[in-house]
Amino acid sequence: MQRIGVFVCHCGTNIAATVDVKRVVEAAAKEPGVVHAEDYQYMCSEAGQLKIREAIEQKHLTGIVVCSCSPRMHENTFRQAAKRAGINPYMVEIANIREHCSWIHKDIEEATEKAVILARAAIAKVMLNAPLTPGTSQVVKRALVIGGGIAGIQTALDIADAGYEVDIVEKTPSIGGRMSQLDKTFPTLDCSACILTPKMVEAAAHEKITIYTYSEVEKVSGFVGDFHVDIRKKARSVDMSKCTGCGVCQEKCPSRKTPNEFNRGLNTRSAIYTPFAQAIPNVPVIDREHCTKFKTGKCGVCAKVCQAGAIDYDQQDEIITVDYGAIVVATGFDTIKLDKYDEYAYNQSPDVITSLELERIMNAAGPTKGHLERMSDHKPPKSMVFIQCVGSRCADKRGKSYCSKICCMYTAKHAMLIRDKYPDVDVTVFYIDVRTPGKNFDEFYRRAVEEYGVHYIKGQVGKVAPQGDKLLVQAADLLDNKQIRMETDMVVLATAIEPNPDVRKIATMLTASIDTNNFLTESHAKLRPVESPTAGIFLSGVCQGPKDIPETVAQAGAAAVKVVGLLAKDHLVTNPCTAKADPIFCNGCSTCEKVCPYGAISYEDQLVNDHGIRETRRVAVVNSALCQGCGACTVACPSGAMDLQGFSNRQILAEVDAICR
Amino acid sequence: MQGLIERAKELLADGTVAQVLGWRKGDMGYDPEPAYFKSEEELKDFVYDAFCGANLSKYMIEAAKLEGKTLVFLKPCDTYSFNQLIKEHRVDRDKTYIIGVGCQGTLKPEKIREAGIKGIETVTIDGDTLKFDTIYGAKEMPFADALLERCKVCKGKKHMVYDELIGAAEDEEAGPVGNRFEEVEKLEAMSPEERFAFWQEQLSKCIRCNACRNVCPACSCRKCVFDSNQYDTSQKANAATFEEQMFHIIRAFHVAGRCTDCGECSRVCPQGIPLHLLNRKFIKDIDSFYGEYQAGADTDSRGPLTNFTFEDVEPSIVQTRGGGH
Amino acid sequence: MQKVDMAKADRLREMSGVNTRKCMKCGKCSASCPAYEEMDIRPHQFVSYVESGDIEPLLESKSIWKCLSCFACVERCPRDVKPAKLIEAVRQMVVRQRGGNYLSPNEVPELLNEELPQQLLASAFRKYSK
Amino acid sequence: MQVENTEFRPKIVAFCCNWCSYAGADLAGSSRLAYPADVKIIRVPCSCRVNPMFILRAFQRGADGVILCGCHPGDCHYTTGNYYARRRMTLLFSMLDYLGVENGRTRVEWVSAAEGVKFSTTMNEFVAKIHELGENVRLEDLRCKG
Amino acid sequence: MYQIAKNKLNDLYQAISEKEDLFLPVSKGGQTNYGLWTNEAVADIDTLKTVKSGKDCFFPQSEVLYKSRHENGKISIDPTELQNKPFVVFGMRACDVRAVKVLDNVFLTDPVDSYYAARREHGTIVSLACHEPEETCFCKNFDVDAAEPGADVETWMVGESLYWKALTEKGESLTALVKEALADSFAEAGAEGEKKVEKEQAAVRGIIEKLPLSHLDLSRFKPENTMELFDSPAWEDMYKPCLACGTCTFVCPTCQCYDIRDFDGGKAGIRHYRCWDSCMYSDFTMMAHGNMRTSQLQRFRQRFMHKLVYYPANNDGMYSCVGCGRCVSKCPSSLNIVKVIKKLGGEGNE
C-alpha cells in the first residue's frame, strides 16, 4: 500500500494569490492513499526540500506529489530531494498548479477547484508509480559542429582545445561564414578578415579538428552520447590531396558568368572557384551546374592547365558515417529576400543595396576593390541614405516580427566609415529607434553623429523611387513634423536577418525544436540558453537568435563548455521511462518494431510462464539503452503487451479518471 | 468435393502432411464444423460445400504447434487472413500445406430460417436453388437469398497464397463483385443523429459473448486487452451500452489496417449485429486517406497504421470533409 | 489641458478595427502619405491621438477631408495598424454627428469622368455621403 | 475570447506532449494567456503515446471534449511519433463521427513550445465549441453519472 | 380456460403493464429478445426462440449487488434493493420454463441467492406452447412437453386466438387482473376451446416425435460413468473447433455461472456487480495462482460434463439441458451439445 505525501507550494504569491493553497491541502489530505499534506512558501527552497525530507522520513512515505510550478522547472529538484530522503526519485509526481492554473486564471474559486483536480490526478498517478532505476549508456568522445562560420569555428576550437575530437561540416566550399564577407567590425572598426583568418587557420591546423567543407549532414540517428551521422561530401571535382591552390585553373576557366555568391551577386566568378582568397581549404570546387565541361562535355581547360593533375571530373558524392557524442548547430543566417518590399525599389535600381552588399563594396577584395561607387554607373555617390528596420519588427507576413539586433550598429559603422573615407558624401540615416545596448555601442553611435556628421532622422522611409539617375526618398521627420522628399545617389537597406533556411531540415533530423521564425529553441530562455531541449544538441550563434560577433563568440564558447561537460563523462544515465513488453500478453507480431524510431525492439524466443502454462514463444524485447520512451509502440501493440514505464496505461487512465471524476 | 478428399488422402498417405484441417458434416446438412482428419477413415465425414463458411486460417495458429505439417483448405478470402497472420508471425508457413479451394459464395442458415423454412431434415444445393426436405414438407429457396452479406460483395475469387488449387475460379470470373462500401456510404449519408440511433440499436443487442473477437483472424492476441485486469473494462457484462461501444470501437481500431474484411465477425454474431460495417469504415477511410490498401494481399508491406507520409491528412478532415458526415 | 475622451477613442477603435497599441511610431504612414503637406494632423498622429484619447482635435481636423483613402499607409505599415481606416472612422464620426449627407448616390453618375480614377470616386462617395 | 459563465461547466481533457505542447502550455502560463479552467492537461511523452482507449475512457468518465496537442509534424522530439498519432486520431475521429458522435468533441492541434498564444487561443476555441455542443451524452456511461 | 383474439394481444399487454412490469419477446434491430413492454416496443411472440432465453428476467446478465463510495476519507455502502414489485414474464416456451426449474435448484437451495429468490417470488410466468417446433429442438429427450409448457399460466396460440389457463395462485390472480381490465375480449373459452387446444397439443406432439433430434440416447450419462466419460478420448477431437467464445453459455437458458466484479464509476462510486460468466472463457475461475482448467479441452469438457453428468448427479437426475436448441443454431463453429451427446453416447443413437 502506498503512503503518499502531498506538498503544496505557494511560490510566494505566484500560486497563493489565485489558488487557496490551504484548501488544496485539505482536499488532497482526504484522497485515498494520502497520509500527509502540507503547504509552504517555496517548496523548491532549501527549507521546502527539508520539509519534504522530514515528512518522508517521519511518515514513511512511499511517494510524493508536489503541487507547484511546471515539472519542466523543478521535477528534477524534487526527485533529488526524494532521493536524498531515501525513496526512489521516480516516486515523485508534480501537479502543475502554476503555469497551468494560477497564472492563467483570475477567479480564486475556479483556480482552487482546478488545482484540487490537478493534485488529485497527480495523486492517482503516483499511486501507480513504481520505482525506476536509470540505466547507463556510453559516450562517444567526439563532437560534430554543423556550420563553419565564426560560431562553428569558435565552438570547434574550444572543444578541441579541451582535448576532444571535433568535426566541422560546412556546406560551402570554405569555412568562414558571414564574418568572412564583412569589411570592418563594430565598435572597434578592426578588419574582419584580420581577426577571423587566424581562427580559420588555427581550426584547419588543429590536430583534433577535422573539417568537411562542401559537405552536408544527410541523416542523424541515435541519441545523446551516441549519435550516428551520415555526412555527404559533395563531389568537389578537385582532388584535395593533389591541389596546390595555385589558382591557375580559376584564371583560365572560360565560363565566367556565374554570379559570385560571396560578393552577393555584385559581380561574377568562374565555374571552378574558391569563394575568396583566404578560403580554407584553399582548394577550388567545380560548380557543375555552370561548368561547360559538365554541361556540354566539351572544355576541360582546367584539367589541362592543372600542373598537379588534381582535376577529377569523375569524382562522386561520398557518404561517410561518423559517431558523435554531441552535436552543435551553428548554421548562421542570411538576409531576407526583399521581393515584397516594392516601396524600396530594391529590384528596380542597382543603386539600392543591402548592407551586406555594401560590406562587399567597401571591402578591398570586393567587386569594386573597396571603392565606394554606384553599381549602376560606377560613379562615386555624393549622397547616401540608410534605411533601418527593413523587414525587421514587422507584424505582417512580408517581414520578421523580431528586431534583427545588429543593424543599428552596423549602419552607424557604415555611415561613419563613409564619412571618414569620403567626407564629401552626405549621409542620412532614417531610423525608428536607435538601439545600442552593449559595451561602447552608444558611444560609437554618438561619434557617428557628433564627430562624423551623419544625419539621423527619426521616421521610417515611405518610398524610394528611381528618378533619372537619382533616387527619390520620401519620408516623414517625426520630430520636426514635416515630410521630406530628398534626392540621393545610393540607398542602403538594413535588411532583416533570418536563420539559414536549411536549418529547418537539420532541426528535423536532430529532432530539435524550432520556433515560428525558424530559430532553434533553447531549452530554457534564461537558464539553458545554449542547449536544445533535445539532449546532446547544442546551439551556437545566430541559429538560436539574432546576435553580433562578440555575443556569437561568447555563445560558441558556452556551447563548447556544455559539449565538453558532456564528453567528459564516460557514461550517461539513461531515461528509465522506457517501454517494456509483458511476455504474457505479447504475440510476437512485430507491429511495435515497425513504429519504433530507434530500432530498440527486437524479438526472441522465450519461455513464458502464464500462471503455470509454459510455452516457448516469440516475444518482443526492448533495449532500454536505445529506447527513448516515446510510447509509439504502446499504442501500436494490439494486445496491450507493451507499456511505458513512468507513463503506463494504468497511470494515464488513472489521471483521466481523476480529472473526470 | 471428392477431389479434395482424394488429394487429402494422397497427401496423408505420402507423409507430406500429418493432419488435414477441413470441415466435417453435421446433423442437419447445414452445420458442418471445422475439424481435423488424421486418416483415410476419418475423411469419410469430410465435407465442403456452401455451408462451410468458417475461415480456417485462424485455426492454423494452433496447428503450428502440432507435430508435422497440416493440410488446410482455404477459400479465396480465407487466404488474405492467412497472409496477414504470416505477416504477424502467428502461423508457420513452413508447417502448412495450403490447398486453395473454389468458392461459389457461402450461406447463412439464419437466412433460411428467416425465409420460414423449418424442421429441416436434408438440404440439397441444386444449381441456383436450395432444396429442403422438412417435416413440414418439401421447400426451396433461391441460393442467392441465403448468401452471407460478405459474399454478395465478394472481393475476388483469387487465392493470395496456396500450394495448389482445386476447383478455383478461372481468371475471368475471379474479379470482385459489387461495391462493398455501399452500406458504409449509406450510413455516412445519414445525419449524425440517425447514425447514432442506428448504432445504438445494433450495439445495444450485444451480449459480449466475444464470438466476433474469437473468430476474428486479426484478433489473434493470445490474451486480449479486454481480458486484462489492467484497464478496468468490464469484460463480460453487457452492463451499459457504453461498454459495448467501447469494446467494438477498440476492437475495430485494433484490427484497423489488419482486417482483411473476411466478414467472420458478422457471420458469427448471435444477435446479427453488422459488425463488418465498423471494419469496412476503417478500410474505406484508409483507402481514401492513405491510398488503397488490402490487408493480407501480401506478407511484407507496412500496414497503414504502422506507416505514414509527411503529407497525411490532418484529423480535422473529419470536420471539414462535409457531405453527410 | 487636453480633454480625454476614452469612450470616443474606443468607439473609433471599434469602428475602424484598428488596434492603436500596435503602433511602434515609425512614421512610415506619414512618410508614405501623398496628402501629408495638406494635413494639419498627420496620419501617424491620428494613431497616437486616439491612443491617448485626444479626440476633439481630430474631429475638428481638416486632415480627415484631405485623406485620399489611397491606403498607401495601410499597405506599408510594418505593424499592420491601418491608419487610413482610423481616419475613415473619425470622418464617419463627424458625419454622423452632423447627420448630413453631402453626396447622394444619384449625384454620382453626373460626376463620372473617364479621367477620374474610380477609386477616388468611391472614396469620395464614402467620404461625403455618410 | 472569453466564454460566458453559464451553468454548464464542461470537462475537457487535454493530452499534451512533453516536448512541445506541454511547454507551449507552460509558455501560455508564463505569458498569462488565459483560457478556461475547464481544461485539464495530462502530460504524455509524445502524442503517439495517446491510446484511443484513453480518449474513450475520458468520454466514458464524463469528459465533454478531448483534445490532443503535439509537436508540429516534422518537429517531433522522437522524429516520427506525431505522424503515427495523426493517422490514429484521424481514423478514430472518423469512426466516432461514423457512430454518430458529434465530431467537434475531439480535436488534434499541433502546438510548439514557442506557441503559448496558439495554445491559449486553441483552448479558448475548443471550450467554446464544447459549449456549443453541450454535454456529452452519446458516449456517456450511466454508471459514471451522479 | 380463457380466450383472447390474437389481434387483441396488445390490449392484453397494455392491461398487464398498467399494473405490473411486463417482459416478453420484443423485436429490436432484427432480433427477438425478452424486453420490457412499452408502447413503442414491438412484441414478437411468433418467433419460436428468442436469441437469449427468458433467464434474464430472473437472473439478469448483469446486476449491481451494491454500490460503495469513498468520500472525504469515509466509505459508505449502498446495497441494491431486492425485487419488491410483482412483474410478469410472458411467452416463455416449455423448455425455458423447465430451465427456470434448473436455475431454482441452484439458486433457491441453501445458500439461497436472495436476488434471484426475490425475483422468483415476485415474478409470474405466462408460458406459451410451441406451434411449429424446429429441427434444432430436442426438448423431448428431457421430458419437456412443448405442448404443455406449465408455469403460472400456460397459453396456446391456436389459429387467431390465444387460449389462457391459470395453473397456480399467482396465475389465478394475474388472470383476475386481466379479466377485470379487458372484460369481454378476455372470455371463457368453454369446451370448444378446450377441444381446440387438445387438438393443437396432439398436432405439436406429433411433430416433435418426427423431429430429427428428438430421440437421443442419454443412457450413458449417469453418475457411475463419470470417470469414463471424463477420460473419453473423444473430447480431444470434439473441442478443436471451439472458439472459446461465450455464445452457447449466454444463449443457454440454464447456464448459471457468474463472475463478481467491481466497476469504479468515479464520482458515482464503485459498483459491485455480478455478470454472467462463461466456462468457455480462458479466465473463467481465474484465481491468484492461475486457472484450474488450463486448456480449452478442459473448459469444453467442463461445460458438457456439468450439463449432462455433474448436475443430474446432484439434482435427482434432472439434466441441466432442456433441449431448446439455441446453442445448436447459434454456435459459430456449429458445435453443440447434441454432437457431444452423440459422440459420447456411443453409436446406436436415434
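Order as written gives the chain letters A, B, C, D and E; numbering starts at 1 within each chain.
Following the convention adopted for this analysis, contacts are C-beta pairs under 8 Å (C-beta built on N, C-alpha and C of every residue); 3 or more make two chains touch, one makes a residue touch a chain.
This structure is a prediction, so every number in the text was calculated from the model and none was measured.
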item	value
Chains touching both chain C and chain D, listed by label	A
Innermost chain by mean C-alpha position	D
Whole-Å separation of chain centres (CA-atom averages), chain A against chain D	29
Centroid spacing, where centroids are CA-atom means, of chain C and chain E in whole angstrom	85
Distance between chain centroids, defined by C-alpha means - chain A, chain B (Å)	54
Cα-centroid distance, chain B relative to chain E, in whole angstrom	30
Chain E residues counted as touching two or more neighbouring chains	263-264, 266-267
Overlap residues in chain D, where contacts from two or more other chains coincide	52-53, 57, 61-62, 74, 80, 84, 88, 141, 143-144
Which chain pairs touch, all of them	A-B, A-C, A-D, A-E, B-D, B-E, D-E
Residues of chain A touching chain C in the complex	343, 389, 393-396, 399, 432, 458-463, 474-476, 478, 481, 483-484
Of all residues in chain B, those that touch chain D in their complex	184, 187-188, 192-200, 225, 231, 239-240, 242-243, 245-246, 249-250, 252-253, 256, 278, 281-282, 285-286, 289-290, 304-310, 312-319, 325
In the complex, chain E residues that touch chain A	70, 72-73, 264, 266-267, 286, 289-291, 294
Contact footprint of chain B on chain D as seen in their complex	52-53, 56-57, 60, 73-74, 80, 83-84, 86-104, 106-108, 138-143
Complex contact set, residues of chain A against chain E	30, 32, 610-613, 657, 660-661
